[in-house]
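Each structure below appears as C-alpha cells.
Two complexes are shown next, each including chain A; its partner changes from chain B in the first to chain C in the second.
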Partner chain A sequence: MLSEVQDIFRDVLDNEDIILAYETYSDDIDEWDSLTHIQLVVAIEKHFHIKFTSKEITSWANVGEMLDCILNK
Partner chain B sequence: MLYQDFVDSSQYLEYTYCITQDVFDAFQKLSQDLNPLHTDANFAKRMGFPDRVMYGNILNAFVSHFVGMVLPTQNVVILTQDIQFRKPVFMGDTILLKSEIQDTSEAVEIVNFKLKFYRTTNAEKSQLVASGHVQVGLLHPQQ
Partner chain C sequence: MVLYSIRFWFFFCALLIPYFTVFNKCAKAQNVWLLLGSLFFYTLVDWRMTVLLVAAIGIFFFLGLKIDALCQEQNEKDASRLTTLAVVLGVSLLVYFKYLGFFVGQFNKILMAIGFGSSLPTLRIIMPLGISFFTFKLMGYVIEVHRETIRATRDIVKFGLFISFFPTIMSGPIDNPRNFLPQLDGVRTFSWERIGEGFRRILWGIFLKTCIADLVSGYTDTVLSLYIYHNATTIILGAVLYAFQLYADFAGYSHMAIGISQVMGIKVAENFNRPYFAQNLAEFWRRWHMSLTNWVTQYVFMPLNIAFRDKGTAGLYLATLINLVVIGAWHGANWTFVLFGLYHGLLLVATMTLDKKRKHFEKQHNLKKNPIWKYSRTSLTFILWCVSLLCFLSPNIHSFLHIFPHCFNKGFDVPWTEESFQKVPALLFILVMMFKDYKDEIKLDLHFLHSSHYWLRLVTTTLLIICILGFGSLDGASFIYYKF
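Showing the complex of A and B:
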C-alpha cells in the first residue's frame, strides 16, 4: 500500500522523485502544503474508495498514520 | 454556512449567460488575445467556421461568476477547474450553465461540480457546447 500512496503523491505533487516512508512528515516534502494536502486526501479517497473524516486527517502526524487510517477503513 | 448545508443546497444549480459585445470586449482586453479566429470573420470563414469564434475561455470566466456569485455562499474558493470545448460559441449566443455535484469530500470540505454548458439561443433546440468540472473549497472566517 505504501507504493500505491507514493504513486498518488508523485502524481498529485507532480514530482517523480518523491520516496515515501512511514516516518515521512509533510515538512519533508516541499510540495506538501495545505492546498496540496486537500488534493492528496481527495485522490487517496478516490483511489481506495474510502472516505475520511476531518478528525482523522487532522490526527495524522506522518505518512505511517495516514496508512494506518487507510488500513482501518 | 455548514458544509452539509452547502452540499444540500448545491445539488443542482443553473444560470444563464449571454455572450455580448461587452463580454467579448472585456475578455479581449483582459487576455490581449487578438488571434484573427476571434476578430476577423473572413479569417474564421476560411478556417471553416460560419463566423468569428468567441474565446472559449469566456466560459471559464462564467464559471468564476458561477462559483463566486451563484453558489449559496460566498465563502468559497476554486481549487481546480477543467473544461472541454465541444462546439464553438458565437457572438449573441445564450449559454445555460448547469451544475450538479459529482463528488464530495467532507474531510477537506470540498465539492466537485460537473458542469455542462448548453447553447439555448434556439429555444427549441439546446446544444451541449462544453463540459467540465470545478472543484470548490468551503472557507471559514478566521477567528
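Showing the complex of A and C:
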C-alpha cells in the first residue's frame, strides 16, 4: 500500500523523486502543504474508494498514520 | 504598558529574580508565579477586563476537560456539539466586544436609508486589550482537544498561563497549545547563553520599533491621513514607508515578545519570516503574521477545504477567499478590512490559477534561479502589498477608492519631505533591517547579532544600543497591533 500512496504523492505533487516512509512528515516534502494536503486526500479517496472524516484528515501527523487510517476503512 | 518602557522592565525584573532563584526547583511553582505575574500585568494594562479573562480561562478549561472525556468515551456526537458550543462562545466574545458596535451602526444606517426614524441605541463597548489574540488561543485549544491532537490539561495553572502569558497576550504570537503546554512540564533553569540570546532579540525588537517604526510614523501619518494635499509621488513614498513601518512595528513587537519568553525559558511561535522576500502573495502570507495565518489555516481553511473537497478547484478557491476575508476582518470592525482580505483572497486565487503556467514558463526559459526574475516577482509582491495597505489604513472604502483618481489628477512631482533630516537615519535603519533579512534569506551565516564570534556580537550589540539611545524615539508610542 505504501508504494500505491507514494505513486499518488508523486502524481499529485508533480515530483518523481518523492520517497515515502511511515515516518515521513509534511515538513519532509516541500510541496506538501495545507493546499496540496486536500488534493492528496481527494486522490487517495478516489483511488481506494473510501471516504475520510474531517477529524481523521486533520489528525494525521505523518504518512504512517494516514496508512493506518486507510487500512481501517 | 509597552514592552520597552521602564515600568515594564521594573515589572519584568521583579518577576524574573524569584523565578530563577526562589522557584527554580519546581516547575509548578514557576508556573504559578508566571500566571500571577501575567494576571498582574493584564490588570496593570486593563484592570476592568481581568475578571473577563479569568472567567474565560475557567470556562474553557472545563469545556476542554469535558470534550476530552467525551472523546475518550468515543461519544463523537456530543464532543462535536460541545466543541461547536465552545467555538460559538469564543466567537460571541469577539463579536460582542469588537464588532457589535459596528454592526449596530451599520444597521442604523440601513434603517435611516429606508426611511425609518427610530434606530438602535449606539453602543460604547470597551474592547479588552488582546481579545483578538486570547480568544483565538481559547478556541484553538478546544479544537485541538476535540481533534485529539492533545489531551486536555488537568492543570488549570498551566492552561491559565497558556492563555494569559504576559509577553504574548497583547499582540501575539498566537501560540498553539501543542507547542506551549509541554514546555511547562519541566523546570526552566537559568542559562547565560539562552538569556543572552533572548536579550539580543529584545534589543533588535526595540531597535526596529524605536529607530524605524516610530521615526517613520510622523511622515506616514501626515501623508496618508491627509493624502488629498499630496501628489502621487508623495503618496507612493508614504505607502512604501508605511510598509516598512508596519513590518518594523509588528516584527519589532514580536521579537521582543519572543525574546522575553526566551529569557524565561519558553519558546513561543515565530511570527515573521522575512516577508518582503516572498515571491508571490501565497508565500507572503506564509511569512507575514505567521501565527495568525497558521491559526486561520488550521481552524478555518482546512475544515472548509475538507468540506468543499468534492467541488474541486471551485471549492479550493472558495475556501481561500473565505480564509483571507476572515484574516482581513480579524483586524477590526470596518469594511476596509473586509475589502483588504477580499483583495488578497482574489489575488491568491489568481496566483493559484496561474501557478502551473508560471512553473512551465520558468522551466521553458530556465528562469527558476534567475535573480532578475526572482527579484521582479518579489518587487511585484511588495507593490501589491503596498496597494492593499492603502485600503488597510483608509477610514472607509470611499476614501480608499478616491486615492487612485486623486493620484492621477495630482500627477507625479517632487515628493514632500518636511522633517527630511530626521528621516535620514530611519531610512538608513530600514536598509540595515532589510540587509539583515537579506543575509538571513540567503543563509550566509552572518547573523551579526547571533554570531559565534564574541567580539562581533559585542560590537553589534553596542552599536544597536547607541542607535537606540542616540536616534530612537523613546516616547513609548504604542504598537500598531495593540488596537487589533
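One rule holds in what follows: the second predicted complex is superposed on the first by the 73 of 73 C-alpha atoms of A that agree within 3 Å, B and C clash if a C-alpha of one lies under 4 Å from a C-alpha of the other, contacts with A are read in each partner's own complex, and residues count from 1 in each chain.
What we mean here is this: a contact is a pair of C-beta atoms (placed from the backbone, for glycine too) under 8 Å apart; a residue touches a chain by one contact, two chains touch by 3 or more.
Everything numeric in this text was worked out from a predicted model, so none of it was measured.
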Partner chain in contact with A:54 - chain B first, chain C second, else both or neither: both
Chain B versus chain C as contact partner of A:38, first or second or both or neither: both
First (chain B), second (chain C), both or neither touched by A:72: neither
Chain B versus chain C as contact partner of A:3, first or second or both or neither: neither
Shared contact residues on chain A - chain B and chain C: 35, 37-38, 41-42, 54, 57
In the complex with chain C, residue positions of chain A that touch it: 34-35, 37-38, 41-42, 54-55, 57-59, 61
Contacting residues of chain C [partner chain A, same complex]: 76, 146-149, 297-298, 301-303, 305-307, 309-310, 316, 352
Residue ranges of chain B touching chain A (in the complex, touch as defined): 79-80, 103, 105-110, 112, 135, 137
Touching residues (chain side chain A, partner chain B) in the complex: 35, 37-39, 41-42, 45-46, 51-54, 56-57
